[in-house]
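What follows is a set of notes on a single structure, which appears directly below.
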Amino acid sequence: MSDQSAAEPTLNEDAQRRFPVPAYGDLPEDLRERIDEETERAGFTPNVFAALGYKPSHFRAFMAFHDALVEDTDLDREEVEMIIVAVSGRNHCLYCNVAHGALVRIYAKDPHLADQLVSNYRTADVSDARMAMLEVAVKLTEEPDGVTGADLDMLLEAGYSREEVWDVGAVAAFFNFSNRMATFADWRPNEEFYALGRGGE
Amino acid sequence: MSDQSAAEPTLNEDAQRRFPVPAYGDLPEDLRERIDEETERAGFTPNVFAALGYKPSHFRAFMAFHDALVEDTDLDREEVEMIIVAVSGRNHCLYCNVAHGALVRIYAKDPHLADQLVSNYRTADVSDARMAMLEVAVKLTEEPDGVTGADLDMLLEAGYSREEVWDVGAVAAFFNFSNRMATFADWRPNEEFYALGRGGE
Amino acid sequence: MSDQSAAEPTLNEDAQRRFPVPAYGDLPEDLRERIDEETERAGFTPNVFAALGYKPSHFRAFMAFHDALVEDTDLDREEVEMIIVAVSGRNHCLYCNVAHGALVRIYAKDPHLADQLVSNYRTADVSDARMAMLEVAVKLTEEPDGVTGADLDMLLEAGYSREEVWDVGAVAAFFNFSNRMATFADWRPNEEFYALGRGGE
Amino acid sequence: MSDQSAAEPTLNEDAQRRFPVPAYGDLPEDLRERIDEETERAGFTPNVFAALGYKPSHFRAFMAFHDALVEDTDLDREEVEMIIVAVSGRNHCLYCNVAHGALVRIYAKDPHLADQLVSNYRTADVSDARMAMLEVAVKLTEEPDGVTGADLDMLLEAGYSREEVWDVGAVAAFFNFSNRMATFADWRPNEEFYALGRGGE
Amino acid sequence: MSDQSAAEPTLNEDAQRRFPVPAYGDLPEDLRERIDEETERAGFTPNVFAALGYKPSHFRAFMAFHDALVEDTDLDREEVEMIIVAVSGRNHCLYCNVAHGALVRIYAKDPHLADQLVSNYRTADVSDARMAMLEVAVKLTEEPDGVTGADLDMLLEAGYSREEVWDVGAVAAFFNFSNRMATFADWRPNEEFYALGRGGE
Amino acid sequence: MSDQSAAEPTLNEDAQRRFPVPAYGDLPEDLRERIDEETERAGFTPNVFAALGYKPSHFRAFMAFHDALVEDTDLDREEVEMIIVAVSGRNHCLYCNVAHGALVRIYAKDPHLADQLVSNYRTADVSDARMAMLEVAVKLTEEPDGVTGADLDMLLEAGYSREEVWDVGAVAAFFNFSNRMATFADWRPNEEFYALGRGGE
């Protein structure tokens, strides 16, 4: 047995409760590569990868969109994560609240912000511009047909560029998808996510 | 100038109202290829391609997911489109109601089904299994945290396979994303979609 | 067999699904006369007449109010139909969406307006005054106790007369009744309504 | 001047607050006759007549439907009034709660039933059959598209005839209209209605 | 048998329907003393005392808070009762609507105000300041996380002191508790409350 | 100056943002005693005591009810805290989510349960009986008039005694009060609460 095989990630069997979790070794190579990268970065394999491994075509497309949202944007990463958690709080999504809550704590270097966003985004200690951003993201979540041009203008006036406004909408909209997948399949957050970033590190 | 260049698609300037629509010639080659294919198939360029052209990374990931949903599934294409329209009706999404309404009429060879689904999925003339499918899709849309294992069991008992149940959830969830993008950016359906399939063709 | 009896309208047995549809010949004379007129005008017997034939006293009173709403008003007929479809979209009423959708297309000479109104009245291509009219009609539908004097003032400022404002409220209110009757008894739109006015004729 | 003209009803100027109340003498003769009858029966002119006098064509059609609902039905009058008040409570309609609350007290000979129905129909001291009737009426009010054949079957099993089931739906639906007219125009209950039937008389 | 024992209050067995009502004689002395006082004041024993007698520790704490709310405040007693009834109307609480409705009639010397507040606080004939007070109380009831600093500022501008604003919030919040206890245990109003204050006395 | 005065607790000035926080030394003696006890027990002064210090009569009554709920009950303390957090999650209450979330972690010796309850009580890893308990508590929160005798029977069948059922209702109801006070006055959780019990200690 080689060192490499010893280092193979093990996918958490409890990653989701309503669909099977595949064995790492049964996954297509491109999925294994992505999982290896994420595992090395995080120190554990986030359960979303184990869950989506159930359907590789969905794994690939989901990650392609996720990557576009966080990489091809002028929004700060902490802004992206803040939108995600504010939206996920409203949609009552355990996985996203906990996993992206950890990312909010880490990117914003703030151990309290995630719990504020999950509970009630209006209590978050953020700038006025970011509060406007959250307000529009939550409105798009709760009453999508109520969003009007005036909401977008508010973001432009708050200093966001036209393309950043698109990105605010795209992140909020995408996590209305992700939240529903997570709740539908009953994705469970890794234990590590609950504690990460609590020290403000 | 060749005949080919004369046939270049023109993107509808009114494809979306809150963000610019790019010129076809300014798009990356892979987007142009996809648009060419769609334009040839449909006889016109559906406005979703013009709208998403605003942000090519989002265009690519969106289409990758869309393709996975309609191609890598044992659900009938008409079932996929039925879910989309039932969900889009609840989310008050003009673009998806009209564009996917046309697809429902075409794939189901039924000129009335789309209007039934947009109005109230419970009035649709469909089998009991498909009504159960629509019920779960709409519940996931309106009250995602209310979906429980019992809802998934209902679909298994109705005859859907485990993976088809995943796909029902994935289609419903994805169009909660798509509906919100369309409403946020104010995507407008092509005129052609309103009329397509009305004769039961 | 005389020409007359050959021309007798046949009431659609599928006009409603939760109550019997009477035979034309069994109806009181005044109902038959009204049905004859409507059938001659439309070229078919709209199912609402077949459905309400179940209870002649309700047929008469319903039509009396309908006639007052469309005849004794300074609102344009297309405005009346626009209110009806915006309200019926919110109430998820198949019959009214489809039957009055056809009337919107015909009276407004616009093949797209009805689908806009059913989906989300805010996407309708109408004047600011008519958008205000639709906003108040939908508010009266969804949150009647939230309508205040300020809403009526908005309509007066948009150029509607005091009596036209009354009529906006009356049409919206009446179709909150009609929508519920249609859904309760499961009225089905005639096939003809789905297609009428699609060519902008 | 004759004794008769001295007895002419005076319409309450505060009958509605957002539209003018006409003078009795300016009303068409058929409206005056109806008002005379009602005034003699009640001992005062209920404000709904003064309010609807603003638009005689609506007055006539409204009363025609009202009369059909209470006269052409096998439902007990107290059942009709119970439905009205349960529906009006949900729609937060002051006029109907107070005016029809008085009628509930009088027809049911129960000084407490109206307040129970306005507050929460589930607290009403009524038979199981009538509780089923109220449940369906309130569901049709709050979530009309959620009413299914099973709801109607429940009423049939509770002992209501097919036509009585229609009437339950029709009364509930009609007062969704009436409640909205009353709130829109701000109809005010006559002082007399607040107190009528409080003694169980 | 002494005169005193003859005067002992009898607790209404129908005071609540989902938990037992204790016998007066079985209650701790401090509860009996409080009940004696209330009974002497009102002329009957309000059912809330009989109901809460089921759990003396809750009786004591409930009454302690109630007393603080009505005694330690610069709000008029009629303002306190108006808030209670507006909140209780929204929460569909029979007991509080009827019992505190009586108190509204008595303290405001207005036989109609309670029914206005139960039905729809916006129809109440009150000053602008009190309407603002009711608006905030109802918002805190229906959408607590939507209350912002701007709502409190509105009350300050309407003339309420900082501490009175706290009291508006505290009364509204406390009756969100009381309403839920009453509905949970199915507290029934005493017959006396329905009629009290109807004459404007 | 004695050692004792050096140990005097300092009330957090940011304990609430919409009302002043009193100085410890200005509080009545009984409040100071309670604060001393709590401070000694927790190692810091929970902000709820600082906030309620604004109005001592409310401080006393609030704590009296809180104490009755946690001391005079056969429910386990962890059950009481679970109800509180499930209810507070629905009411979007930051203070209660964070402060009682810490207590859930400590009493249940489970570092993950609080985040599950805040996000979506249905994801909590608890027994069937406790899930039934949470379901009724949340229903009483979201739709109080929808709670019926059948809900209470479900708890009895799950093994709770009659008095424990009362207590489930009382805890849920009381925190509908507490959540609204906290949101109204903008109570802020102490920093310590965010981290407490995260290690499963």
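Order of writing sets the labels: A, B, C, D, E and F. Residues in every chain begin at 1.
Just so it is clear, a residue touches a chain if its C-beta (ideal position, glycine included) is under 8 Å from a C-beta of that chain, and two chains touch if they have at least 3 such contacts.
What you see is a predicted model; the values in this text were computed from it and never measured.
Listed here as common contacts of chain D and chain E: C, F. Considering every other chain in turn, the ones in contact with both chain B and chain F prove to be A, D.
Homomeric contact chain C/chain D is classed as same-residue, with over half of its interface positions used by both copies. Taking each chain's centre as the mean of its C-alpha atoms, the one that lies farthest from the centre of chain A is D. With each centre defined as the average position of its C-alpha atoms, the distance from chain B to chain E rounds to 53 Å. Note on chain placement: the centre of chain A and the centre of chain E lie 46 Å apart, centres being C-alpha means.
Centres computed as Cα averages put chain E at a distance of 24 Å from chain F. Among all residues of chain D, those that touch two or more other chains are 92-93, 120, 145, 183, 186.
An unclassified topology is adopted by the chain contact network, corresponding to no line, ring, star or complete arrangement.
Pairwise, the chains that make contact are A-B, A-C, A-E, A-F, B-C, B-D, B-F, C-D, C-E, D-E, D-F, E-F.
Interface residues of chain A, counted against chain C in their complex, comprise 145, 148. Across the complex, chain A meets chain E through its residues 120, 122. In the complex of the two chains, the chain E residues touching chain D come out as 89, 92-94, 97-98, 101, 111-112, 115-116, 118-120, 123, 183, 186, 188-189, 191, 194-195, 198-199. For chain E in complex with chain F, the residues that touch the partner chain are 17-20, 54-55, 57-58, 60-62, 64-65, 67-68, 71-72, 91-93, 140-141, 144-145, 147, 149, 152, 162-163, 166, 169-170, 172-174, 176-181, 183-186.
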